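Here subunit A shows up in two complexes: once beside subunit B, once beside subunit C.
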Partner chain A sequence: MDIMLLLTSTVTLTGGIPLTLLLTFASLLAGFVLAVPLAFMRASPRKWLSLPVLAYTYVFRGTPLLVQLFIIYYGLGQVGAIRSSVLWVLLRDPFWCCLLAFSLNGAAYTTEIFRGGIQAVATGMIEAAQAVGMSPLQIKRRIIFPIAFRSVLPSYANEVISLVKATSLASTVTLLEITGLSRKLVSETFAPYEIFIAAGVLYLGLTFLLTGFFNVLEARLNAAPQARTHPRRVILRQVPHEQ
Partner chain B sequence: MRAAKALSYPAFGVGEPAAEPGIRAERIEKRLGGNDVLRGVELIVRPGEILSILGSSGSGKSTLLRCLNLLTIPDRGDIWVHGEKLAIRAASQHGGPAGILDHRQVRRVRASMGMVFQNFNLWPHKTALENVTEGPVLVKGIRRGAAAELGRHYLAKVGLSDKADAYPRHLSGGQQQRVAIARALAMEPQVLLFDEPTSALDPELVGEVLRVMAALAGEGRTMVIVTHELAFAREVSTRAAFMHGGLIEEESPPQEFFSSPVSGRLRGFLASHR
Partner chain C sequence: MDGFVVQFVNGLKTTVLLALVSGALGMALGLLAAAGRLSRWRAVSAAVGFYTTIIRGVPELIIILLIYFGGTVAISAFFGRYVEVNAFLAGVVSLTVVFGAYTAEIFRGAVLSIPAGQIEAARSLGLHPWQTWLLVILPQMLRIALPALANQWISLVKETSLISIVGLTDIMRVAAIGAGSLRAPLTFYLAASALYLALTSLALVIFNLLERRFAVPGR
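Moving on to the complex of A and B:
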């Protein structure tokens, strides 16, 4: 192994970090915003609210992310209605296709994670809020979601970390994030070993930082809450929605 | 906060001198899990009254109490709170559930009735003070600063000035229940409902909660207390009621209730709880 090459390619590949982070955080944000209301719908006892969301999460969790990305990137362009609509401005751009795929996919997983947390909130917490006269929306915002979020934080952290790694799929639709840049570099230098190791090192660094962030966040939130005595640590875990 | 603007406080009765104060419940029926838990209960709570509800386990005490602020919606029957009739839809003959018709009214009525639960039900992600101020801020629209002042006042009242910033999990059961009482008081309710407030406590912690409740009783507050603490009920109540099989079987002032009970079942109940 050529250590010099490993080092120089690590430096070169850092140029892909901004795009990797942009894809991660933008789809994280969109996924979160989508997932919160969807999780409440999914947790609802009313079938007409929960079943459509179940169908959505079932489809997006039951198919590979890469396939979803290809359908959006290659498939949507075939649909005349989309080609002729204003949406096409965005959807012919691989970046927006990735963002759409990652957001929808992430939202599906996040919805199910949050739903679990929401359903686990003790009814007593909710009744206490009802008893002081809070409205259903206030109860969701101030009582149910904060309690649920804290209880699912470790799972959510894993979801975020798996999303970072999933952004490498963007390389298959020509984006030059860390993995895309690596492939480009490999095709120029024919040194896949060093270059992909360099890419792996960068992902590991990002994962390390995020894990640290979530551990701090959890410790912060737990200094307060939860009847939980042993703070669970965020651990790296193989998550099934990566191919 | 937005909702609070629409509500006017103090909640009701004000400006309606003709309205009957207190709570009146008529012919309350409730079926739960195939049991007729309440079978036509009649209950009146007058202002300043301290009503203890006693009875063996499963007699429907909690269900009745929860019907008063509609945490449980009665299948049939009417409830008036300060002369205002609660708008509820009765359960249908074919098993359709009972429902709330006027959610605003119910929130307003709930805000005027503090409730203290057997298991405290403090919100774990909020400090003692935040637990107390949440209702005033969200429901009454009181500004945070003023609410904090209010919260500290009521925490002091239950003897927990020094625990304002503690989270529930760092408090003992007795302290948690006192925070829960402060939370109810901070809404400055017209009626306080207690559902076995000391049943989940270790015996050595029961006293501190009962002392707080006795002090409240001494202020002339209107209170409905479901309890198994007979000595306490005898001491602080102005009236005691005995429930059996989903009905109030006997009710009277505490002297008569405890010294010369009429029903054989109440006599048996009192004897077995001595």
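Moving on to the complex of A and C:
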């Protein structure tokens, strides 16, 4: 093991971090935007709303991400209608293909996570919101989703970490993010230990940072209601009885 | 496409064999690691914690590439000439290491959820620590771990597709070869995804049956 090579390749591979992060956060955002309505549809008691979403999540969670990526990157070009459409400008570019694959895959997992949270919201809360006259959309936006999101935050954090790791598959369609860059370096130097370990260290750093961020977020979200109600002060004010 | 049916069947066999072998070895490693993590010896517990944290924080692809290319370099240095590591073997080793890290955490959580009274009762009956593990902890722990284990097995089936990147002729590789030679990538990759979906569905059905059979009352 060459320590100098390990250090220099770590520095070289940091050049791949921006692309890894861009892929992660862009597909995280797209996945989130897709997953929120889908999760409400999936949690709906109406079969015609929930079944199509179930089919989507079942297929995307039951097949490897690599296959999904290859279907989008290599497969869609086989369809003449897509080749001749405007979409082809995006779909022949490996970056957009990765983004599409990671977003759709991530949205499938996120939908199921959010559905669990939505279904776990106590009915009393929803009834209370109905009783004060909130519209169904307001109830979803102000009551159900915030409670559900908070309760599934640990699972969502895991999903974000998986997404960071999943972006390494972008290297299979020629993108030079951390993994792609490390594979290129290895083919040039043939020093797999140093370079792949350096790549592993960078990923570990990213996952640690994200884990730390979610731990802080979880602590803050869980602490929020208590901090606002000041239970102590309320009790002190209630003590004196005025006649 | 006809000639590829045989190839797909062979690829399917390779994928299933790879998943079963690395799953079985990985679960054994996970059990050992969970026992180590819960051990009284700080050094053992810390070493296992280090292993599970690192493996779970690094992409599977990096681990596979490290073991495949690193193994090739190590063995070539040992024999003094270029020797390429068998892709199946590299796949088994890397997936075992990954599966072991994830199952270790599942098993550890399951062991911790067994009431301490059970273990105290076993001890007061005079059971040897080995007997306590085998007769009291293991059967109860496996039932609790079953749902999480099911998810992990399904991930494992999907992760086997990554071994195709280092040249193993599994379902994914057969699809890639067919896609290239017949210029029909959509057809071949859709066929591959159907096969993977069948495998993960089968795993889901088996684990649902197991869960129903060994359901923990009141959980």
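In the analysis below, the second predicted complex is superposed on the first by the 224 of 243 C-alpha atoms of A that agree within 3 Å, B and C clash if a C-alpha of one lies under 4 Å from a C-alpha of the other, contacts with A are read in each partner's own complex, and residues count from 1 in each chain.
Operating definition for what follows: a residue touches a chain if its C-beta (ideal position, glycine included) is under 8 Å from a C-beta of that chain, and two chains touch if they have at least 3 such contacts.
No experiment lies behind these values; they were computed from the predicted model shown.
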Please tell me, clash or fit, for subunit B and subunit C sharing subunit A in the overlay.
fit
State whether A:R150 touches subunit B only (first), subunit C only (second), both chains, or neither.
first
The answer to whether subunit B or subunit C touches more of subunit A is C
Contacts of A:A219 with subunit B and subunit C, given as first, second, both or neither:
neither
After the superposition on A, what does A:A128 contact: first (subunit B), second (subunit C), both or neither?
first
A:R183 in the overlay: touching subunit B, subunit C, both, or neither? Say first, second, both or neither.
second
Answer with first, second, both or neither: which of subunit B and subunit C does A:V59 touch in the superposed model?
second
After lining up the shared chain so the two structures overlap, which partner does A:G200 touch, if you call subunit B first and subunit C second: first, second, both or neither?
second
Once chain A of both complexes is superposed, is A:R142 in touch with subunit B (first), subunit C (second), both, or neither?
first
Shortest CA-CA distance in Å separating subunit B from subunit C in the superposed model:
24
Indicate the residue numbers of subunit A shared between its subunit B interface and its subunit C interface, in ascending order.
none
Considering only the defined contacts, which subunit B positions touch subunit A in the complex?
3, 69, 71, 103, 107-115, 117, 119, 121-127, 134-135, 138-139, 167, 169, 180, 183-184, 187
For the subunit A and subunit C complex, residues of the former touching the latter:
59, 61-68, 70-71, 74-79, 161, 164-169, 171-172, 179, 182-183, 186, 190-193, 196-197, 199-200, 203-204, 207-208
Residues on subunit A engaged by subunit B in the complex (per definition of touch):
122, 124-125, 127-135, 138, 142-143, 146-147, 150, 221, 223-227
Please output the residues of subunit C touching subunit A within their complex, sorted ascending.
54, 57-63, 65-66, 69-70, 72-73, 154, 158-159, 161-162, 164-165, 172, 175-176, 179, 183-187, 189-190, 192-193, 196-197, 200-201, 204
